[in-house]
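One chain, subunit A, links the two complexes that follow: it is found with subunit B in the first and with subunit C in the second.
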Partner chain A sequence: MTLTAPETSTRAAPAVPGRSRSTLARRLVPYGYLSPTVLLIVVLMVVPIVMVIGYSFRDNVIVQENSVFAGFANYTKVLTDESFLAALKNTGVFISVSTLAHLVLGLTFAMMLNSPLLGGVTKAIFRIVYILPWLFTIAVIAVIWRLLLDPAGVVNHVLQTLGLIQEGVNWFSDPGMALWAVTFVNIWAGYPFFMISLLAALQGIPNDLYEAAAVDGTNWFQRFFHVTLPQLRPVIISMAVLDLIWTSHQFALIWMTTGGGPLNATEMLSTFTYKQAFSEYEFATASAAAVIVLLLTMVLAFFYVRSQRER
Partner chain B sequence: MLFRATRLKRLIGAVTAATMVTFVAACGSGEDASDGTVTLEFAQWWGAELPAGEFDKIINDFTTENPNIKVKLLSAPYASTKQQLLTGAASKTLPDVVGLDGAWVNDFAKQGAITDLSKLMTDANYDASELASQVQVDGKTYMIPVVNFVYPLFVNKDLLTKAGVPSTPTTRTEFLDAAKKISASGGDVKGWVLPLDTAVPNGVQNDVMSWLWASGGSMLADGKPNLTSAPVKSTIEYVKSLNDAGVIAPGSLTMKEQDKVEKFTNGQVGMMIDSLAHINLIKKNKPDLNFEVAALPAEDGFTGQRGIPYASWGIGISNSTKHKAEAFKFVSYLMSQQTNAKLSTIANGFPGNKTAEPDFGNSDPLFKTAFDIYQQGYPANEFVGLPKSEDLMRSFAEQLQLVLTGKSSVDDALAKSQENWSSVIE
Partner chain C sequence: MATVKTRRTLAKAGVVTGLVIGGLFAGLPVLWLLSTSFKSNGEVFQNPPSLITEGFSFDAYRAILGNAAQLRFFLNSYIVAFAVTILTLLVAVLAGYAFSRFTFPFKKTINAMIVSVQAVPPITLVIPYFGLIVALGLYDTYLGLILTHMVFTLPYAIIMVTAYLNTLPRELDESVKVDGGSSWTALWRILVPTAVPGLIAVGVYTFMISWNEYLFALTLTRTDEMRTVPIGIQLLMGQHSYEWNQMMAMSVLGSIPVLLLFLFFQRRFIGGLTAGAVKA
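Right after this comes the complex of A and B.
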């Protein structure tokens, strides 16, 4: 109620020039507060994106003084490049398998931690154990798994001791195995985020729903599919879309484990773009590849925003 | 309340403005001070690889001699320095003085990011005859190698003895024989290690082409690719024969240089081609490892001078710096007989000044052995000064990977590499 009084006085003010200035200043205050953020967004996001889009339509950008307009030539070059198409396919496999596995593992572990069958201390111990991969930086994760999956590493030694394999497997350097090896490492590194988010969502499901379902004589599976999953659906959709976006940008892990090799078996859109820019100095084609990645990401972002609106 | 709110707004405004000014100011580089002092920014990876504080002492001696010049060191690991310089070159904001790898020079020179040192040498009446080498593009010097690091053959003497190999191999046949015997000596031990990772594809330069150079061969003819020549074919066929014999440590296709050193240090491989700079690292991690360094094996019957691969800490000057004269003064100081000898000694490398003598007094005797090998042969690295050299190495590594996995013949791989390289080296 008290808030209406100043507005009334504001409406009466325009007749007085001094007050008009005061009103204008007051209206500008919110923009003043926003300006540092807006400035940073413009400088750090809008300008670089516009520049990259501009570069993608020119030839010999950055490395030569006078670049020329090239139309869609860079896009044609990228989209007909076998390495790019291989990278697109690898990225598709990598992100879809990673996201699915993150979801399944995250949900499984979250339900374990939410189970009334486990005591408080046991839950705390498992919570720490399960969240550990999330505490390591990508560099550490890459080093750890390079050592573990080395042909003379612990994993091969254990598998050989158990009689599961006869010879050491070249996990990262076998072209038929490398993509699955890096996907496995990415799954290991990323499931805790799903687990924590889904655990929070599970704890938010009212117990009344389970009690009502129990009264109706449902079993565990029926409660899972008809109570738990529908309640988690908005969180699962949001997390899955976000994970698809984040995983599609994964660069460091690939670069530090396989570098996109062997024989382009783990080449992703991110490593392809990096090589174009910083190895071949083809900044124009790198920009075109980056714009294509941006467009693909925007499709995912569209679904994310839509799911958020629905919520 | 109104007064306090206004004051708060003003305070926030002032803080925001100050932050912005600071942010913008922080983007600028070292400039002239009001007293005429010039600050040179020097971006390099050397400081990160030298014993703590040693490089600072060398810089302090320079600033003591030249009180009107200050040097601000921008030290970062090699890979970070490369990226920093690439972006700096693109945006014309390179630091005044830059540490360079020979593989970057052509691209930076073509971009106009680094300056022609030949002109600065003439202007300063600098005696270039003291320099062991200069890296040139179109006849102009753009980089001076300050310290050179050679890549000899490292041999685990215990593994060699255990395998019943009487002496260090000096020919390709002897090397293959020794590698086979070591690989057959039991455990997971292999004779040789070949890192062919394509993220940092320098294995092509250090571990593959080194075989070619050691036999006096060349991958270029009149500055153009010559990969289908008999010496190159013989080299790749030899590497393939090592692979076919099963003497190369597994995991080659994604192995990095550090993995190579680690496997040698742990006694998992008997021989490797590696930088002399890693001697201290190996001895620190495994003090009791019994190893020696030797010249790279050459083709059977080869009697000529052997090329020995090397990498350099090179130096160049930004084209956009306002202080070229001061920057060259600093370069001259680093290349002076006394300073260059001192820097080479602490870096465990060989000096870029021909008259400088590294002090082997406190060094490992292996450095003296390597210096003798270096002086008997000649430094060879044909990737230095080539355009997009990392890309050339990567495309070659990919073709070699096809050969080693049986997906391509040596002839096809070399023909494809020749085609790839010819489109880059015009």
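Right after this comes the complex of A and C.
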């Protein structure tokens, strides 16, 4: 979804003459409307973040009653953990390759769906087909691809028939393949949102820009690089940063296909943190990892906000 | 003239070929999911693979629908997703109204906070949520899931509702106030009924997010009485020694609500979804 703040109207409501209500009461009205939201955000975001930061500086949290102050010990432990460093590297590869592929596929598909050469019905049918992967929950996507990528599955069968591989590859448990396998599945699952947004943006490009370019005798490539891409640039930049953030949140797909294995090959920051908390019951270490993940996300969010300002 | 026409035909053939290749990439895995759900478990990995096998039957669906434990997952998902949708819409309408129609101190700060919620990693929240939910006695309850799902649904719902209300003319609610009505009356008598198309889009997306949520459902529930469909699908993976056809049947059944909602409200939905994201 969108992180874009809608332009909030700044026009003040005209004063209604003859109101008996006090100005103070009227000034409080908008806060009244916002109170459920603010309450929920405090309970669901502010308090939990303060709690997790608190946990990360203590030891024996949640599972034991008397926790003790531990300073930066949990952070040192996490940052020197080989699994964490592997998770950091894997997450970097996973989110950057996914985002780049989402952009390329999303833009290609959006441009084909926007082609003036095709009829409306053809476009409508293909649009639904192209959105399909986005309509399935990650749990379903995980089982679909476990079926397809099984050593005896249909993907291996096709590759063997084409002579590309000799015997069935176990994509999710081969240490050299697993990271690429989960990245591929994530690419399949995530491009539609990019595509929908870019399609809407393409339809928003004024036609006279293309007409003017055509009058100048430009070819397709020139129009693509000098009209289409510059016009899409703001949408592409903010979608890309958003996608990096959201892909880094991905947990279910990894958890249900590889579980972070084999040998940390697909361990992500999310699965590492989850395991620390709910498999090892090391909630303090998990909290330190969770805070590091939050800080990394904030760096990305900073770039997002900046790209929004430029728009 | 002829060359221009030929070039157009060639270009069209190129685009159609591209579309078909992309369509196979997007659609074949889904087709295979559907096909496998109608196979007998012995035929799932038969060689050579085929879409429709001799053992074509609805047995896998019968097995899922005849199992009370599996049906419970569906019931749970519906209860949670409906409650989240209604609560989110209610809170978002109130907040969207404040953002759209009022100016007040700290408006930008509160707005920025709401926007920033969307960037907070769920994995960062799930640890304190676990502590909080256990402390509040909400572990393994609907309420625990409903509350926590709202952290995902509320921010975008507020943004979308605000954007939609901004498109409605102010004269609508001003007329109510001129007649002596309060802002509350203006909201519920005039604005909400007018905003129904926008609210539907928000509601559909809210339902989808809640229906699909995995991490919180995994950590904040424990018993099969409280598990939702995504967790149910995962449990099927460990429980039976890979009843692939049943896993696929459950996946199809679990995807139907979202697919139907999407097909029914496609236009409104895509319009509402992109309204905020694309607006430059």
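Note that in this section the second predicted complex is superposed on the first by the 290 of 311 C-alpha atoms of A that agree within 3 Å, B and C clash if a C-alpha of one lies under 4 Å from a C-alpha of the other, contacts with A are read in each partner's own complex, and residues count from 1 in each chain.
In the analysis below, contacts are C-beta pairs under 8 Å (C-beta built on N, C-alpha and C of every residue); 3 or more make two chains touch, one makes a residue touch a chain.
This one's a predicted model, so the numbers in the text were calculated from it and none came from an experiment.
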Sticking to the clash and touch definitions up top, decide whether subunit B and subunit C on subunit A clash or fit.
clash
Looking at A:36 after the superposition, I want to know if it touches subunit B, subunit C, both of them or none. Which is it: first, second, both, neither?
both
Using the superposition on chain A described above, determine whether A:257 touches subunit B (first), subunit C (second), both, or neither.
first
Applying the touch criterion given at the start, work out whether A:204 contacts subunit B, subunit C, both or neither, answering first, second, both or neither.
second
Looking at A:24 after the superposition, I want to know if it touches subunit B, subunit C, both of them or none. Which is it: first, second, both, neither?
neither
Does the superposition put A:178 against subunit B (first), subunit C (second), both, or neither?
first
Between subunit B and subunit C, whom does A:278 touch in the aligned arrangement: first, second, both, or neither?
both
When both partners are placed on the shared chain, which of subunit B and subunit C touches more of subunit A:
C
Contact-wise, after the overlay, does A:152 reach subunit B, subunit C, both or neither (first, second, both, neither)?
both
Of the partners subunit B and subunit C, which touch A:55 in the superposed model: first, second, both, neither?
second
Once the structures are superposed on A, label A:168 by its partner contacts, choosing first (subunit B), second (subunit C), both or neither.
first
Looking at subunit C, which part out of 74-82, 92-100 or 218-226 clashes with subunit B after superposition?
218-226
In the superposed view, which residues of subunit A touch subunit B and also subunit C?
29, 33, 36, 62, 146, 150, 152, 255-256, 278, 283
Under the stated contact criterion, what part of subunit B meets subunit A in this complex?
9, 12-13, 16, 19-20, 83, 86, 90, 107, 110-112, 188, 196-200, 249-255, 259, 263, 268, 388, 390-391, 394, 398, 401-402, 405, 407
Subunit A residues touching subunit C in their complex are 1-14, 16, 27, 29-31, 33-34, 36-38, 40-41, 43-45, 47-49, 51-52, 55, 61-62, 105, 108-109, 112-113, 115, 117-118, 122, 126, 128-133, 135-140, 142-148, 150, 152-154, 157, 188, 192, 196-197, 200-201, 204, 234-235, 238-239, 245, 248-249, 251-252, 255-256, 269-270, 273-274, 277-278, 283, 286-287, 290-291, 293-294, 297-298, 300-301, 304, 311
The residues of subunit C that touch subunit A in their complex are 8, 11-12, 15-16, 18-19, 22-23, 25-27, 29-30, 32-33, 36, 44-45, 47-49, 90-92, 94-95, 97-104, 107-108, 110-132, 147-148, 150-151, 154, 156, 158-160, 162-163, 166, 170, 174, 177-178, 183, 205, 211-212, 214-215, 218-219, 229-231, 233-234, 237, 244, 247-248, 251, 254-255, 258-259, 262-263, 266, 270, 273-274, 276-280
Parts of subunit A lying in touch with subunit B, wherever the complex brings them together:
29, 32-33, 35-36, 39, 62-65, 146, 150-152, 168, 170, 172-175, 178, 255-264, 275, 278-281, 283
